[in-house]
Each structure stands twice: as C-alpha cells, then as structure tokens.
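Take a look at these structures.
Next, two complexes with chain A in common: one pairs it with chain B, the other with chain C.
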Partner chain A sequence: MLAFIVRRLVVSAGVLLAGTFLAYCLVALSGDPLARLRQDNTPGVEDRIAEMTDRLNLDTPVPLRYLQWLGSASKCLVPFAAECDLGQSVRGQDVTFLLGNAVSSTLQLITVATFTAMIVGVIVGIVTALRQYSRLDYATTLASFFFVSLPLFWFAVLLKQYVAIDLNDWLADPTVSLPAAAIVGVISGLIWASAIGGDRRRVWISFGIAFAATAGALLILSASGWFASPGLGPVVVTVVGGAAALGLTALLAGFRYRHVLYAALATAAVGAILNLALDQVLSDPSYLTLIGLLLLAVAIAGGVGYALGGLQRKQAIQTSIGVAVIMSVTIFIDRMLSAWGNYFDAVDGRVVATFGSRTPNYDGGTWGNLLDTATHLLLPTIALILVSVATYSRYTRASMLEVMNQDYVRTARSKGLTERTVIVRHAFRNGLIPITTLMAFDVAGLMGGAVITETVFAWQGMGFMFVTALRDVDPNPAMAFFLVTGLAAVVFNMLADIAYAYLDPRIRLS
Partner chain B sequence: MTTKRRGTAFFAVLAAGALALTACGSDDDGEEPGANRSGTEEPTQSEGTIPGSTITVAVNEDYTAYNDTTAIGNGTWNSYIHNGTKLTFWSYGADGNPVREEEFGTYEKVSDDPLTVEYTVNDETSWSDGTPIDCDDLLLEWAALSGTMVGPDGENIFDASSTNGFELIEKPDCQPGDKQFTVVYSQPYIDWELIVEGGDVPAHIAAQQGGLTPEELVTAIQNDDIAALTPVAEFWNTGWQFNPGELPPAEMIPSSGPYLLTDWQAGQSITLTANPDFYGTPPPTETIVLRVLDGDQQVAALQNGEVDIINPSNPTVDTISQLEGLGDQVETMTGGNLTWSHIDFQMGPGRAFEPLEVRQAFAKCVPRELIVENLVRPANPDAVTQDLREFFPVDEDYDAARETAFPADMYGEQDLQGAQELMDQAGVTQPVEIVFMHADDPVRNDLAALIKDACDQVGFNVVDFTPPDWGERLTADPGSYDAAMFGWAGSGNIASGQSLYVTGGDQNPYGYSNTTVDEIWDQVVTSADREAARELLVEAEAELWNDVFNIPLYTNANVVAVAQGIEGVEVNAAQTGVTFNMDEWIPASS
Partner chain C sequence: MITPGDPAAPAADAQGMTVVARTQAQLVRRRFFRHRAAMISLVVFALLLILSFSATGIGPIPGWWKHDYTTVGSVVEGGSPTLSVVPTFLGGDGMHLGDHPFGQDNKGIDYFALTMRGTQVSIMIAFIVGALGTLLGVLIGAAAGFFRGWTETILMRFTDIIIVMPLLAIVSVLANRVGNAGPFWLAVVIALFTWTGLARIVRGEFLSLREKEFIEAARAVGTPAWRIIRKHILPNTIGVIVVSATLSIAGAVLLETALSFLGFGVKPPDTSLGRLISDYQSAFASRPWLFFWPGLFIVLIALTVNFIGDGLRDAFDPRQNKVRS
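Showing the complex of A and B:
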C-alpha cells in the first residue's frame, strides 16, 4: 500500500508540473494584459505600460517567465519559511493573499452545498432504487436529467427572480391564499403518495394525509402570521427531537429491542431540557461556544446510548448521536430565526440576497450574522445542490439496484432478516462504495469553486478568481487556482483509493 | 461642488423642500440635529447630512489603492471611491471638461508668458485629521510627479503614473504652512487646469511614514535631498497600496473630501461615511456603500433593492429591456461616454490605403448609421454617429464643430455607388484585399461583419484578422494589418490627442503626415486658452476628414438606473464613473 501511495505521489507530481507549464503558457498567450492600457488615451499611458511590463516581466519570453514563476512558487513547498510568493496580479495585488481569500470564501460556499447534496442525493437515490419503476422513480429520473442539463446561467436568473425578488415582495405581506395552499398541497401529496407506494387505497390515503397536512399547515401558519416572524420555539424543537428518535430507531435498529428506542427518546428529552436550560448561553454565543455545544451534545448522546443501550449498545449510541445532531441543527435554525425581525428591518425587507456574501455594515450578533450568511448562501446553494443531487441520486440508484440483485442480498433475505436489516446493513453499505469515489472527485472539483455559480452570484471564490484572471490575461492568479485545484485533485484521488480499500476488503487483498 | 451639476439645482431645492415637509409631518419634534447649521446658506444646503441615510451603488471592480497617482494605483476602480473621499482644485465634469471646486480652493492664470498660475487653498480646507492642506502637500505632489527626483540608479524614486504637465513646472517655492503658491510652467501648456490637484495624498502622513516631519519634508524637497526622500518615496509607492479588504488605520488615509473611507470587505463592499467635520457643504447622504458587482448582475440587484444605483459596464439591449420591465420602480437614464470606436488605416507607401480615393471609398461604404442603429441605439436611444475625433456628442460645442469640419455631403450617409466610383477612379486592381484587425469579441465581430457585407460590394475584400495580441501589433507590427478597429478611452485632456495625429507621433503608426495638422497641434498644445484651442481643433478635424485619416464610428452607450426617489444622480461620460457627484445625491425621503 505504501509503495502504491509513493508511486502515485511521484507520478502525480510529474503530471502537476507538466500541467502548470501548459496552463501557464496557455493563459499567458491567450491575449494581451496591456489591452486596456493600449486603448487608453490619457496622458502618461506609456509610463503605465512600461511599469506594468516591468512589474510582470512581460518582455520575458513566456517559457522563461514560467521558470521564474516556478522558482518563486516552489518556495511555497518549504514549510514555515513564510517565503511563499505566487507573484502579483495585473492590478498589483499579492496573489498569495488573493488565494487565501478565495479559498476561504469558496469553502464557505461549497461546504453546506456539498454535504447537503450528498445526503439528499444518497437518500433520493436509495428511495428511488427501492421504489424502482414507480411514479416517484420516473418523476425523479425526469427531474434529475432536467437539472443536470440545466444551463446554470439561465437557472440563476430564474432563481434570482422567483426565490429572491418575488419571495421578498411576498414577504412584505406574507399570506398564503387558498388556491396557493391547495396547489402546494397537491404537489406534496403527489410526492408522498409516490414515495410511500403500496396499493391504490394506500396511495390515496397517503395523498390525502399529505395534502391536508401541507395545505392546512400553510393556511394556519399564514393566518397566525408565522411567515412575518418565523421561528420554531421549544415545542417544535421537542417534537422534532421525538420524531427523530422514533424515525432513526426505525431505520437503524427497529423496535424489536426496546433499549435503542429508550436511549434515543432519553437523548431527545435531554436535548429538549438543555435547550431551555441553556437559553442564556444560546442567546448570543461565540462560534467556538457553538462548536463546543455540538461536541457536548454528541458526548452526552454517546453517554446516554452507552448507559441505556443494553445489548444493542452500538446501535443505541449511533441512534442517540443521530438524534442529538438533528436536534442541534433544529435548535440552531430556531435560534437563527430569532434574529429575523432585527434582520428584516436591517435589509428593508429584502431578506433573500441575489449576490455577495454578506450585507455591508450589518452586525446582528452571532445569530443575526449567521442568518445574514444564510440568506446570501441560499441562492447559490440551491443552484449547486440541484445539479449535484441529480448526479448523486442517479449514481446511488444504479449502485443500489446492482447490489440489491446480488446473491448475498438474496441470502440475507432467505435467512429471514427483516427488510430493514437487509437494506441498511447489507445492501446500503456495499452500495456506497462506488459513491465514495464520486464524492472524492466532487470535493476536489468543488475546491476549484463553482465557476459559473460564483460569477453569477458575485461570490469571490476560486472560480471567480480564475475567470477574472482569464479575462485580464493574468497568469499568476490563474496559476494559483491551478495549483490548488491540481493539488486537491491529486490528494482527493489518493484519499478515494484509500477509502475504497477500507470499505472494500477485496481491494486490500489483491 | 454643486458646480458639477449645473442646472439641476432646481430639483435639489424641490427635493430638499419635500424632505423638510416629510420631516415635519412625520416627526413631532420636527427639528433634527445638524439641520439648519447656518441660516445664511442657500436652502439646498441648509438640510445638511440626513442622519441614517444610506445609498448603495454598484461598481464593477474592487478598490486597490489610496494613492491613485502611482502607476499601479492609477485605475478607474479607485476613482469611484476617491470621488467621495478626495476633493481637489478641480474635477472632471459629466462631459469630461474640468470643473473648478471652489470649496477646496481657487486658481487663476496670472500670466501667459511664462504660463503662471496662482493657487489658493481656502483657509478652512484641511485633511479629515485636522491638518491643513498647504505647501507640503503641493510640494510632495510636484516632487512625486515631476520626474525630477532621480535616485542613484538613474530612475525616478517615485513610481509616478504620469509626469504629464508636472515635468514642465519649475519647483514651486513655498514655505511650510503657506496656503497660496505660484506655479510657473517652462512653456505654455493647454491642459494646465488638469495638472495641480492639491488634495490627492497627504504629505504629512508620507513624511511621518518616511521618518520626517512635514517641515523636514519641505526642506528635503527644496534641497533635492534624495537620501532623505527615498523612504518617503518608498511609502508613497507601496504604503497606500492594499491587499483586498485590508484597510489601514483611519489616520493613515485621511480624506480631503466630504466622505471618509470607513469599511472595506474584500470583493464585497466599500463603505463611505460623511465626515461630520467636513469644511465644505455637507453631503445629503450620510453613508454611501459601494458594492462590487459584475455589470450583468446589476439589474437584478437593483430590482431586489440591494443596490440603489447601477451603471453597468457595456450595457446591451438586454440591460435596457430588463430595466424597462421594472417600470416605475427605477428611473433609467442613458447617454454617451468618451470611449469612441474608430477604424484606422495604414497609409504608408505601397499600402492598400495609400491612395486617398481608396480611403474615401472605404469611408463611404462603412455603414456607420446602421452600426449605431444596431449596436448603440438600443442602449442609448439618443445615440448618433461619432463624426469627429476630439469632440464628443456630449460636448456643448460638438454640433458647431461638426457643422464646420464634417463633410456631411460626402460621408453623412452610406454611399455604395459613390464608393464604387471612387474605387474606379483610384485605378487599383479590384478587389483590394484589406486585412482588418480587431479584438476577438462579439461586438467587434458583429461590426466587422457589417463592414465586410457593405464594403465587399464596392471592390474591397475585407479579411478578418483577430490575433490575441492585436493591441501590441498596432504599433509593434504595422505591416501585419491594413486597417484596425478599436476604441480610444478619451478624457478631458486636450494635449494627449497630439500623439495620435502628428507626424511620427507615438500613437500614429500609420504613416500619416500633414504639416497643417502638425502645426495646428503645436499651437493647441502650447496655447493656454481652452476655448481658443478648441477653435483650432475644428480646423484640424476638417483636415483629418480631407485626408480621411480614420473613420470615427460611435461612442459607447452609458446607462444609469436609479431606484425611485433618489435625486441628483447623473450620467457621467468621463471615466470617473457614476459616483463622480455622490456628494450631491439625495436619498429617497421615506
């Protein structure tokens, strides 16, 4: 394994080196960085042309300029030397600094989107695989192909119009009319009915319940003015906790052994109590406190699972931690919405933003600022998620279907295992193996930023830096982009291989 | 500063009145702190700054440097901010012509020979840290931009963006604290109004960072003490150049204008706050936020209320139709700017365009009106063909100059038949192959297609040539093309036009030579009277048309859209951008 890794590293380094040379030459030869100045007729423009030529060594032939760049860039490999020099941009800015900013904002943008897309995509994939050739399956397939082939530029315009501008207009006087509630209800009913499946009668029952619940909830929320000042409150947090406990137990352990259920319910109860008890702490915590609280919640859940788990200790711990995380996220959202009124006033009711990463000069404390970030992340995240969810769900579906037809799944069934155990324990795990590779590639690719998404939503990350560099014929920032994405690709490929070997013992043996 | 917006003061009065009314109607106390600071001022100014008012404007590029007189910091993206934070003796008006800023100080030409200008900084004019703007600021400006401070290596120790004009000024003689100084030019210079600024960078900060007192700085400059000035120059070159979002302490970047630069989020926003102690008229809006946003995304941001004012770069038909779709929500204004596109000819011996008739024929076949109709008018309904080179449709004297200098009967309309006749007259073998160089972008490609369509009918064979290094080839490889189409970004400067037209000029690689034109330009540049110089330029224009030196096509469209209720925003043709009169913007009164 070690020899394999070393060999891979050496080859990758060579590929990276050749790649940088190629990329440098291509960018440098793609145009004229002085074009803007050459069309300028203000006095002293020759001085500025001379200065830029001198500063960026434009009179040096491109291959030699590449070597100069390589010379200073290679200093970045020396650890702790703090000599890293990736050159200057056309506008005279230090590229190392630009890169730092770009990486951090790209990470901010993609982290939520990637993880949400992975989780949702895998869930959708599994559900559609289990309900193969159902209405839901066909509908999801259609939607997947639709989203994958969507031109992102156009989609972004739609998002800005409907999810930002129109939604904000609606928020000025947020009431749901009867027909609107009915339409949303029908959509919800269709989704649930096809997801749950069963015979005709059951389908109609599912449809009816989902329709009534959705439309009713919308009307009640509208009438109670919830949309004008949304929030969850301790009751909803507790209900979510209880539901999470029941749901996760059903999924991971089943109700045959009660220990797991007790542990999960106990965790939910502790969570609900802590939510009230920590009210003071949660009113304006620092980010560190928040992370600490999440860790604390996981630790408590682990303890509860360990203490109450009995023979199903491992499953109890897993389930309890799951419940704790879900509750933490719910409490997080609840608290974030508590800043709604303050934020709504600060942005004059234009809650959902169409560009940028934050509202200038707004400081609403931890929760207000998080809400601000969330409203700016909303549109780009939706755009990113829809495309990746489509890919993930298709891959997961295919992989799950393949595994479900394997002999060992039939064997597991014939042993008399419950369908839940067969799917969760035997099929799901093996079905995930090919997805791991996909995830690794995806994370590496996302490090490069989502070029179009970042451009359209004015998010100054890696992709934006790269596009700007190309437009300005500015090799240094483009090369910084190339270095980071290239390295990420190499590293994550390697991680994918290692993860593969871990998940699939057959690979280790060969 | 109100002088920038001549003629719209009426609206300012109206708006101010409306504001006063709403203030009284909605508020029982009526009186706002800071209002009516002086009973003697005009009604427009008595309002003062409206507390809590904010206007957000979209800009295309992020800020980089406080010192915009260095070669590296000289960019329009910095002007957008400095329009509010720096006030100097003059500024560019909406048509690119200089406007005096009398709140800062005054200047007067006292002699034509030698050209002598007397500058007086008003007594109360000071940096926002309280330091008066005086002799040391002027001396540092001169030292940095005159190119005379040469280090041991023979290079100017200051990386000046340009030594234009300052190189002609003799070292001013003033003592620390002087508010009045005399500037003497070694020869007459037409753009003398656009040289000395006075309030661009604070000398006392540069001195302090270079380890000198302001008095020592004055002495060092008076004595040409390069050793003492070198650390000052180092700071001047790099100390005011920033990494994105890294704003230095406020005392390092004092303002000479009505606004203070108070916040900068890298790639996101720049916040300017009205300086409560500003020596001049307080601006109506307390906070101006500039948000960095690509032109294509600005309309949606305006519609969503995230920005109040947009001025998208390269507006298209789509921009206009989107803005029209917003109806009463926004007010859309259109106009031109000073960036003009044109076709230049290689007319040296043996070249295709050497015979005058061939150039005339080309000028007749190019569908100039159609180009404007297709490419410019959708974004600027009032657009006309650009018929002159040194005069723009936004100029007051454009029409008169056009009347005299532009042979409308020859080139006023596309004339294919006339072009064909001229080609036959020229006695050249047809078709004449024309290597037509331009940038490889959609607009230029469309233009080239229109031109090829028309001119191929009259005996030309226009061959597109779009190398990535076309800009360099213009002067570096004149043999590689016959005609070039590109734009010049003009400014209010007059003298800078000289090198385009005179024999052997730096920007005239076309082999064009006309002694009359050379003489006129010599007179223009060494004149000291703008009006007289522009009269002379009309003659030059006529000569240039006689020779068909080049074919001017159109000026770019300029679109500004403003959220309902905001007053005082104007289309600015100059490169300083829409923020040029931010100190006159009046926020919506709700």
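Showing the complex of A and C:
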C-alpha cells in the first residue's frame, strides 16, 4: 500500500509540473499584456511599458520565465511562509492576495453545492434503482437527460430573471392559493407514491397521505403567516429529532433490537434539552463556537450510543451521531431564520440575491450574516448542482443495479436477511465504491467548472478571477487559477485512487 | 440456429419458432431502431439540421428564407415575434409564420435568420469537434493500448496532463486567440482538448483485446501491426467509439456555446447560439424572445444528440439495457 501511494505521489507531481508548464506557455501565448499600452500615445507611456515589462518579467523567454515563476511559487508549499509569491497582476496587485479571497469564495460555493449534490444524487439514484422501470425511474432518467443537456449559462440567467424576481415578489405578500397548494400536493403525491411502490391500494394510500400532508401543510403555513416570518421553534426541532431517530433506526438497524432505538431517542432528547439550555450561547455565537458545538453534539451522541448500545453498540453509535448531526442542522436553520425579520428589512424585501456573495455594508450578527450568505448561495448552488445531481443519480443507479445482480446479494437474501440489511449493508456499500471516483472528479471539476456560474452571478471566486484575467490579458492571475485547479485535480484523483485501492483490494493486487 | 431455406424451417415456422439469422450489424441496427426516444430524437435532429442549413443557405448557396442574418431593417412592432401556432378555431391568430417569426433584434435584424445561422455554426463546430476529437482519441488510445511500453507511458501521461487542466478554462485561453480566425479553427482548438476521455476508453479496450487468441493467431502468421489494429481490433471497439463520438458532439455544443457566451468563442461578424445569448442578455427584460430562441435550440440539439447516443449505447451493448425488452 505504501509503495502504491508513493508511486502515485511521484507521478502526480510530475503530471502537475508538466500541466502547469503547458498552461504557462499557452497563457503566455494567448495575448500581449502590453498591447493596450502600445496603442497609447500619451506622454510617459514608454516608462509605463518599461515598468510593466519589468514587473511581469516580459523580457525573459517563456520557458525561463516559467522556471522563475515556479521557483517563487514553490515557496508557497512551505507552511506559514511569508514569501509565497505568484507574481503580480497587470494592475500591480499581489496575485497571492487575489487568490486567497477567490479561493475562499469558491470553496464556500462548491462545498455547499458538492454536499447537496452528493446527498440528493445518491438518494435519487438508489430509489430509482430499487424501483427500476417504474414511472419515477423513467421520469428521473428523462429529467437527468434534460439537465445534462441544459446550457448552464442559459439556465443561470433564467434563474436570475425569473426565480429571483418572482420569489422576491411573492415574499412581499406570501400566501399560497388553494390551486397552487393542490398542484404542489399532487406532485408530491406522485413522487411519494412512485417511490414507495407496492400494490395499487398502497400506491393510492401513499398518494393520498402525501397529497393531504403537503397541501395541508402549505395552506396552514400560509394561513398562519409562516412564510412572512419563517422559523422552526423548539417544538419543530424536537419533532425533527424524534423523526430522525425513528427514521435512521429503521434505515440503519431496524426495530428488532431495541437498544439502537433507545440510544437514538435519548440522543434526540438530549439535543432538544440542549437546544433550550444553550439558548444564551446560541443567540450570537462566534463561528468557532458553532464548530465546537457541532463537535460536542457528535461526541455526546457517540457517548450515548456507546452507553446504551448494548450488543448493537456500533450501529447505536452510528445512528446516534446521525441523529445529532440532523438535529444540529435543524437548530442551525432555526437560528438562522430567527434573523429573518431583521434581514428582510435590511434588504428592502429583496431577499433572494443575484449578485455577489454578500450584501455590502450589512452586519446582522452571526446569524444575520449566515442568512445573508445563504440567500446569496441559493441560486448559484441550484445552478451548480443540477448537472451534478443528474450525474450522481445516474451513476449510483447503474452501480446499484449492477451490485444488486451480484451473487453475494443473492446469498445474503437466501440466508434470510431482511431486505433492509441486504440493501443497506451489502448492496449500498459496494455500490458506493465506484462513486468515490466520481466524487473526486466532481470536486476537482467544480473547482474549475464554476467559471460560468461565478460569471453570471458575479461571485468573486476563482472562475470570476480567471475570466477577468483572460479578458484583461493578465497572465499571472490566470496562471494562479490553473495552479490551484490543477493541484485540486491531482490531489483529488490521487485520493480517489487511494480510496479505491483501500475499498476494493482487487485493485491493489493487480 | 435455423435459417429460412433450411428443410426444417417450414415446420418450425408453423409453430412460430423461426429464428432468423442476423449479422452483428443487423442486430445493432434493429435494437437502435426499436429505441423509441432515440428514433424520435433522430427525426427531430434531422429536421433541425435541414431547417437550419436550408433557411440561411451554406456558403455561396442562398437559403429559402427571405431575410438575411446581417441585413439591418426597420423594427416592426417593437420586434416582437410574429409566429403563431394557435389555430383560429381555438381562439388564436391562426397558424402562420408572419414576417419575422422569431422577432427582430434592436437593430431590426430578422431573428429567425440569426438563430438559424447560429444553429448552423454551432452544429458545424460540434461535428468537427466530434470527428477530430474522436480521430485523435482513437489514434492515441490505440497506439497506447497496442504497443504498450514507453509509447503507452508517454501517451497516457500526456493524457493525464491534459485532463488535469479544467477543460473550459484551457480551451478559452487558446480560443480567445484563435476565435478571430473563424469557427473552423475554434473547432480544431476545442478538439485538441476533448479527445482524452475516448483515448482512455480505447486504450482499455485495446489492452483487453490484444491478449485474445485471435490476435495472437494473426500475429503468429506475421500480420503487420497496423493491419491487426485496423482489421482485427478496431472493428471490435466500434461500438464504444461510435457512442463516445455521438456524446462528444452533444458535449461540444454545450462547450462551444459556453465559450461564446463568455466571449472567448465565435467572434463577430459570425454568430453562434452562445454568442446570441450573451449579446442579448441585457435585452432580457424588454425582449425575452431574443433570449429564449437560441437557448431552446441549444437544448434541442444537446438533448436529441444525447438521446441518440443513449440509443446507440443500448444497441451496441444490450447488457446495460435500460428499456425493458
């Protein structure tokens, strides 16, 4: 295994070096940064040309310039070194400074997008694989074809023009009409009925329940003015915790042995109590406190699972931690929505933002700022995840179908395991192995692939920086983009290879 | 297997058990023609092709549409579309094209002519990218898979280097420079970076095929390498290649329109679907049709080509059949 990793490391480093060299040459050849100055006839332009030539090192031949660039760029590898130098832009800014801001913006955007896409895509893929040839399956396949064929820039502009404006107009007077509630209810009913499946009676029952629940919830929320001042409150947090405990237990362990259920429910109860007890801390915490609280929640859940798990200790710990994470996210959303009224006034009711990554000059405390980020993230994330969700769901479906036909799944069934155990423990885990590669590619791809989304939504990330640099014929920022995306691609591919070799020993041996 | 004409055939036929012998190509064709989505897409795509190429004409040959995509005219009724598809008995204006079915842009250029020209350019670029990218991918993949050793190491490392760089970004760097030279060179530049996936797939196929007995037999009788590749191995990988070529056309349409949207692709005076969207983005609020038509055509092209590719995949590789047979 160690030899495998070392070999991969050496090859990756070589590929990265060659890749950056190629990119450097192409960027250098793509245009002359001095072209604009050369056409300038104002006095003193020679000095400016000479100054820029000197600053961008334009007198040196390209291969030599690459070596010098590489020499100063390699200092960035030394941790906490102040000498990190990626050159300067045509306007004289330090590229390291530009890059730092850009990378953090892009990371913000793609972290949310990646996690959402992964979770939604894998769930959709599994459900469609289990309900192969159902209407849901056909509809999802059709939808994923459509999303893959959709030009991202066109869709992003549509989102900006329609969703943002219409949603904001609706939020000014948020009521759900009866027909609208009915239509959403029918859609929800169709999805649930198709996903749950079974005989005709069961299909109609699930359709009816889903329809009534969705339409009813919408109407009640609308009548009580919830959309005008949304929030969850401790009751909803508790209910979500209980539901998560039941649902995760059903999914991961089943109700046959009670210890797991007790552990999960206990975790939910502790979470609900802590939510009330920590009210003071949660009213305006720092980001560090939030991370600390999440870790604390996970630790408590692990402890509860360990203590109450009995013979199913491992499953109990997993389930409890799952419950704790779900509850933490719910409490997070609850607190974030508490800043809604304040934020609504601050942005004059135009809540869904289409430009940049934050409202200028707005400071609403931790929760207000987080809400501000969330509203800015909404549309770019939707634009980014559509294609990813389509790819994930298709791959997961194909991989699950393949695994479900394997002999070991038949063996698992024939020795009398429940369908839940067969799917969750035998099929799902093996079906996910090929997806790890896809995930690695996707993360690396999103790093560079957010170019269009960032341009449309004026998100000041790396893609935005790259496009601006290319338009201004500005070699150093463009090169910094290639360096970071190349590094990300190499690192994530390597991680995928190592993970693959770890998960599937056959790869290692061959 | 019983073929018609065998003495046993009539008896079997009477029992409805005749098995008709079919060649591999016939089987593939049959499966493809039975793929409903692919067939519909094929028809739609063919219509789209005929429409766009006949409307504005190709090169010196004039098209049947009365307006030109460069002629500036007077703006009629704010340039709104005159196309109507609702018949009169349903309360519409009747089915007619009108003078400007897709409307006019702010300079009074007929938008139908512009969209057709854009479609034409985008499709042309996509086909060149598909053909050239496939050629490069097959050549490099075949050489790497067949010769192994140093050839393979160098070619595959080269592939890795290209893959490491984000496709859209590296193509924009070159296309920005080349875009002025016309759509053909833009297509060549795109193709230079899109062959990598196919090269890896073809290499994989070659690696497994070259160990097969029939290749060993061919080698034993002294067949030269290029003939083994051409006559024995390539025909066995044709399915993968055809499918990948088709899907790469759909990818190329999206890539080219994205490039043109960012301003690094097709440059004026020529136009493409992506260019149209980026040009008229600001006119969206007042004249949304300037934005919808090109987008609709991009979706149509990409969707139909994707479905055709999917049908071909099912036809060549019935193991992963998605349609219940």
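Miscellaneous remarks
Assume the second predicted complex is superposed on the first by the 466 of 510 C-alpha atoms of A that agree within 3 Å, B and C clash if a C-alpha of one lies under 4 Å from a C-alpha of the other, contacts with A are read in each partner's own complex, and residues count from 1 in each chain.
FYI, a residue touches a chain if its C-beta (ideal position, glycine included) is under 8 Å from a C-beta of that chain, and two chains touch if they have at least 3 such contacts.
All of these numbers come straight from a predicted model, not from anything done at the bench.
Contacts of A:42 after superposition on the shared chain: chain B is touched, whereas chain C is not.
Shared-chain residue A:225: touches no atom of chain B or chain C. Of the two partner chains placed around the shared chain by superposition, chain B and chain C are both touched by A:161.
Legend: residue contacts after superposition of the two complexes on their common chain; A:216 is shown touching neither chain B nor chain C.
Contacts of A:31 after superposition on the shared chain: both chain B and chain C are touched.
Of the two partner chains placed around the shared chain by superposition, neither chain B nor chain C is touched by A:63.
Residue contacts after overlaying the shared chain place A:481 against chain C, while chain B stays out of touching range. By the touch criterion defined above, A:14 reaches chain C but does not reach chain B. Contacts of A:455 after superposition on the shared chain: both chain B and chain C are touched. Overlap of the chain B and chain C interfaces on chain A comprises residues 29-31, 157, 161, 455. Only residues 157, 160-161, 163-166, 168-170, 172-174, 176-177, 250, 254, 257-258, 261-264, 274, 277-278, 281, 284-285, 288, 291, 294-295, 298-299, 302-303, 306-307, 310, 320, 322, 324 of chain C touch chain A when the two sit together in their complex. On the side of chain A, the complex with chain C involves touching residues 11, 14-16, 18-19, 22-23, 26-27, 29-31, 133, 141, 145-146, 148-154, 157-158, 161, 398, 445, 447-449, 451-452, 455, 466-467, 470-471, 478, 481-482, 485-486, 489-490.
On the side of chain B, the complex with chain A involves touching residues 56, 64-65, 71-75, 77, 159-165, 191, 241, 243-245, 263, 265-269, 271, 287, 289, 291-294, 297, 300-301, 303-306, 339, 439, 468-472, 474, 486-491, 493, 495-497, 500, 506-507, 575. Interface residues of chain A facing chain B in the complex, by the touch rule stated above, are 29-32, 34-35, 38-48, 51-52, 55, 91-94, 97-98, 101, 105, 157, 160-161, 164-165, 168, 348, 350, 352-358, 360-361, 455-458, 460, 464, 473.
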